[in-house]
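Shared between the two complexes below is chain A, which has chain B as its partner in the first and chain C in the second.
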Partner chain A sequence: MEQLQQMARELLERQQVQVIIGYEAGSEANRRRAVFVRRAEDVSRLIFDDACRQNLATYLLKPEVLVLGKIGMVVRRNTLRSLMQYAVENQLADERVIAIGIGEEGGPRLLPNFAAVEEYLAQLPRGPSAAEKAELKKMEQLVMEQRWAFWREEFDRCIKCYACRAACPLCYCNRCITEVNQPQWIPVASDALGNLEWNVIRAMHLAGRCIGCGSCADACPQGIRIDLLNGLLAREAQQQFAAEPGYGQRKDYALAVFKPDDKEEFIR
Partner chain B sequence: MSEFEPKIIAFVCNWCTYAGADLTGTSRIKYSSNVRIIRLPCTGRIDFMLILQAFGQGADGIIVSGCHPGDCHYTAGNYHARRRWMLFRRLMDFVGVDLRRVHFSWVSAAEGAKWAELVNQVVDEVRTLGPYKAFPQRFHENGFPVQLTVAN
Partner chain C sequence: MARIGVFICHCGENIGSTVDCAAVAKAAGELPGVVHSVDYKYMCSDPGQSMIKDAIRTQKLTGVVVGACSPRMHEPTFRRACNEAGLNPFLCEMANLREHCSWVHEKLPDTTAKAIDLVRILVEKVKRNKPLSSIKVPVTKRALVLGGGIAGIQAALDIAGAGHEVVLVERSPSIGGHMAQLSETFPTLDCSQCILTPRMVEVAQHPNITLYTYSELESLEGFIGNFKATIRKRARGVDEKLCTGCGVCTQKCPNKKIPSEFNEHLGTRPAIYVPFPQAVPNKPVIDRDRCTYYSKGKCQVCAKMCPTKAIRYDQEDELITIDIGAVVAATGFTIKGTDFFPEYGYGQYPNVITGLQFERLASASGPTLGVIRRPSDNEIPENVVFIACAGSRDSAKRLSYCSKICCMYTAKHAMLYKHKVHEGRAHVFYMDIRAGGKMYDEFVRRAIEEDQVNYIRGRVSRVFERNGKMIVKGVDTLLNGQSIEIEADLVVLATAMTAQPDAEATAQRMKISYDADHFLSEAHPKLRPVEMNTAGIFVAGACQAPKDIPETVAQASAAASKVVGLFSRSELAREPVVATVNRTAPPLFSTCVGCFLCETACPYQAIERDDIRGRDGQLIRQVAKVNQGVCQGCGTCVALCRSKAIDLQGFTNEQVFAELLAV
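Let's turn to the complex of A and B:
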């Protein structure tokens, strides 16, 4: 932690960045929240531990954050993958952010540009954890009616607060499909069909892009397992189209390209 | 009318399947009248949301059909659509939507007979499955469900 604070202080003092976005202690002992450190004397607020789960990349595309100047950011592996996906989707200029990589892999270490991030990510383990895989398998072993009952129960709790969207680094559209109201594409009220549609459409819009940070499920006040939907589509996109979002600057978006011999055994 | 008549919504592309269905008619091939055809420019335009919306308005089965691979009027619309369906089908299955009610097909402008056969098969399959009561229905602002009717 001292190393992290020292690194942040140097970056600020040398004017290499104007703001450091990191984690500080939250309102309860086991909670952390984002902090924007703009003066070198405030770096002691920065902390890092396992409870720092929020994907801070979410802040990067906001105009009110971009005007602050060059940004230093405390990043975990998933946040780094978000940065790479921003690069693929042309949302963030190279060297706009100095990443301070930290996490299970050790660190902190400075990653000043996309090339450095890509190189760093290449050394880390890939793919979902064994627990995540097992959870998907478990769901798939249920029969159709059980799966339907499970998701109806999950979606029934949805209150359409859109916290999942707010927490997601890749839900950055200026005008989200859910705000399209001529015609009203997704109903505003939180009814059974509307909740199903909202959660399905969000998963589909992230298919092949989601980097699996799980921030959506963490942010959901109702504890809906949105991460399972995203996890399933990430696995399918990986298996069927070899999609690995967030690992390279030059990766194609799986649903924007095609192969003439894509599998079509389900088409009559 | 005591026997259950399924309501089938077909989303078809303008250039192949719609013309194919037209050919079915001009060829005087008789086929099931349970299908309601919605013509769209291209299969690439068939948003996956349309499928959910059709179920939400009382459809019991859905057909999505367009040009064979390589035949797309816009060169590649059906290839893009196919990728989307591949993922969307898996997601629907995962969520527990009844995939036996959603059918994808390629029907060219020359395949009037294939269209009739496809519709008849889907209608028969969905008739045995019965009405799709499990799917939540869309409600009007007046509180009544939006309902489709099948003309006799």
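Let's turn to the complex of A and C:
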């Protein structure tokens, strides 16, 4: 932690960045919240531990954050993957952010550009954790009817507060499809159909893009397992199309890229 | 308020016998917004079109729905009629009551109900149609002809003769194709080379034709009038400008034992070779896989002997990119080899040959100088058995089609053999004799009656060896299915004509459709036989289906006339069915977030990046923009766009949604 604060102080003092976005203690003992540190004397507010789960990348595309200048950001593995995905999706200029990589892999270390992030990510372990894998496996073992019943129950609780969308680093559209009303693809009401369409369409929009940070589920006040839904789709995209979003700068979105040599013989 | 007119066509009996058209028109008349609804026997006829035009004028229609056949068939007809009556053509839609309804269902009340549904869907759509205007695109008046067989040669000469530039690409070292291999041609028995080679020379000398042999199409991008073709000119190993075609290199090459492709492996050629003496261009190529210099690093005899020092061992493939307005695919065919037939010895018997090999034996320029000699010992065969339909019309061999030319060339082969070996006996096993065509049946009768070829109606079950003799075991179905055995010195299989082994890849490279047998699919089997579904690409010859020389030449000229027709205009009007990215007021400027994932999804590279700048020139945002000249309106980007910032003109989200809700 001291190392982290020292690094942040140096970045601010040397004016390499104008603001450091990191974590500070929250309102309760086990809660953390985002903090924007703009003065070197405030770096002591920065902390880092396992409770720092929020994906801070979400702030990077906000116009009010972009005007602050160059940004330093305390990032975990998943946040780094968000940065890479922003690079792929043309949302963030290179060297706009100096990432301070930290987490169970060690750190802190300075990652000044996309190339450095990519190189660092290449050394880290990939794929879901053992606990996540076990959960995915459990879902896959359910028969179709059971799975359908499970998700119907989950989506029944949705109140369409869109906290998932606000927390998600990849839900950055100016105009979300749920607000498109000519035509109204997603019914406005928070009823069975409206909830189903919202959650399914959001999951489809994240298939092949989701980097699995789980911020959506953390943000959901109803405890809906959105992370599980996205995890299942990510696994599908990985198995069917070898999609591993957030590890490189290449544009190979599974839903968009067509390879002539990748023949689906079964549809002939 | 919408004022929609609905016009239900009976299409003669096609729709009328299954769907109650009057009931459809009546139900449509009650839909909100519909002010006029009628049915008529033939809506596409002149009186039918007049009904539409009159209704537009008198009823002041704001949209038209024609319930008739497929829009592929008559949408242009009805849109033109609307235009003539002063209604924007894109305010006219078709409900497909034929292919989507009457042709696929029984005559039942439900069928009529479905027809009403289809009309209601289109009424809801047309209410949301907006007037559109065609997009004008320029035409590059240069044609690419792929394949230098008789089809490609004919198409190239016709287009060039009309005054347009032609780029002719042939992948083998010489043009000429299969026709150059043939001996005599049915039904007149005129010499194939004698009629073909003057055409080949004409191609080489024509000022409007650029010939690339030993070359292949690497890629084809763009659209009608505006293609960009990349051609890979493979390294010949010979400087074509210096080479005079004297032939010293081919005579001196020490490596002469390579089976000749031109002679169907019945003769040999050197490693540096011209496929045949009349080749165009008469410039040799080095077969790098077989040349001693490339494998061992030594030899260079050809380079030493060449009087003009034209040999270039280090020559590399060249990529040439050319702007093209239209393409004629004339990529030809191949045939099944004898190894395809386990029942006829799997290609193990040297004296079981294909029809094309027999052509080489019968040809004056062939390995035997036109004397029929069997491959095993060069003896003149006394008993020759010809087996028609070898592979063709055999669904067990996955070749259910008729190869069309075998009946004729088998009769010709038998005849040629009898003319050359007077005492010999020729037997033909056949399933049916298909000799439709001018002077064709007469030709077959001549073989049977004048030249006494023994025609046996029946199939051959096996060809095998017994005591050093080849036995053809078959059945004569006209003799009560009696089994017969014939001792043969030579067996000629009329093997099936098939698509080129890489036909599928070639078609995919050009983005044109092909059928299950990998023959190219024309746009309409009757009315658009030389056009492909991809606009600006035409087809000629046996790459589309098995066909003989007269048919091939006719189709090539037809394709050429289509190309010339296209080139008669300097501008083309394209349907405005293209994608557009929305623009909104500042500070957003567009709901596009600029993720450019659509860029990778677009199969036509039509998505561009548009910089939105402030008055000070500062970049505010980068959003997607569609190049309307390149966009083909496939809608892939529309489906992919998460925020629905892209829409397809003529098929907007709003229209499609209304259609869905109307079901």
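Going forward, the second predicted complex is superposed on the first by the 258 of 268 C-alpha atoms of A that agree within 3 Å, B and C clash if a C-alpha of one lies under 4 Å from a C-alpha of the other, contacts with A are read in each partner's own complex, and residues count from 1 in each chain.
Simple rule for what comes next: a contact is a pair of C-beta atoms (placed from the backbone, for glycine too) under 8 Å apart; a residue touches a chain by one contact, two chains touch by 3 or more.
Computed from a predicted structure; not experimentally measured.
Look at A:A149: by the touch rule set out above, it reaches chain B but stays clear of chain C. When the two structures are aligned on the shared chain, A:E89 is found in touch with chain C, with no touch to chain B. When both complexes are overlaid on chain A, the residue A:M139 reaches chain B alone and has no touch with chain C. Legend: residue contacts after superposition of the two complexes on their common chain; A:Q182 is shown touching chain C, with no touch to chain B.
Of the two partner chains placed around the shared chain by superposition, chain B is the only one that A:A203 touches, whereas chain C remains out of contact. Of the two partner chains placed by superposition, only chain C is touched by A:N174; chain B is not. Legend: residue contacts after superposition of the two complexes on their common chain; A:E24 is shown touching neither chain B nor chain C. Shared-chain residue A:F258: touches chain B and chain C both. Of the two partners chain B and chain C, more chain A residues are in touch with B.
Residues 185, 255-256, 258, 260 of chain A lie in contact with chain B in one complex and with chain C in the other. Against chain A, the residues of chain B that register as touching in their complex are 48-49, 52-53, 56, 69-70, 76, 79-80, 82-98, 103-106, 118, 134-139. Listed in rising order, the residues of chain C touching chain A in the complex are 508, 588, 591-601, 603, 622, 640, 642-645, 653-654, 657-658.
Those residues of chain A whose C-beta lies close enough to touch chain C in the complex are 89-91, 172-177, 180, 182-183, 185, 205, 251-253, 255-258, 260.
Chain A contributes residues 139-140, 144-152, 185-187, 191-193, 196-197, 200-201, 203-204, 207-208, 228-229, 232-233, 236-237, 240-241, 254-256, 258-260, 262-264, 266-268 to its touches with chain B in the complex.
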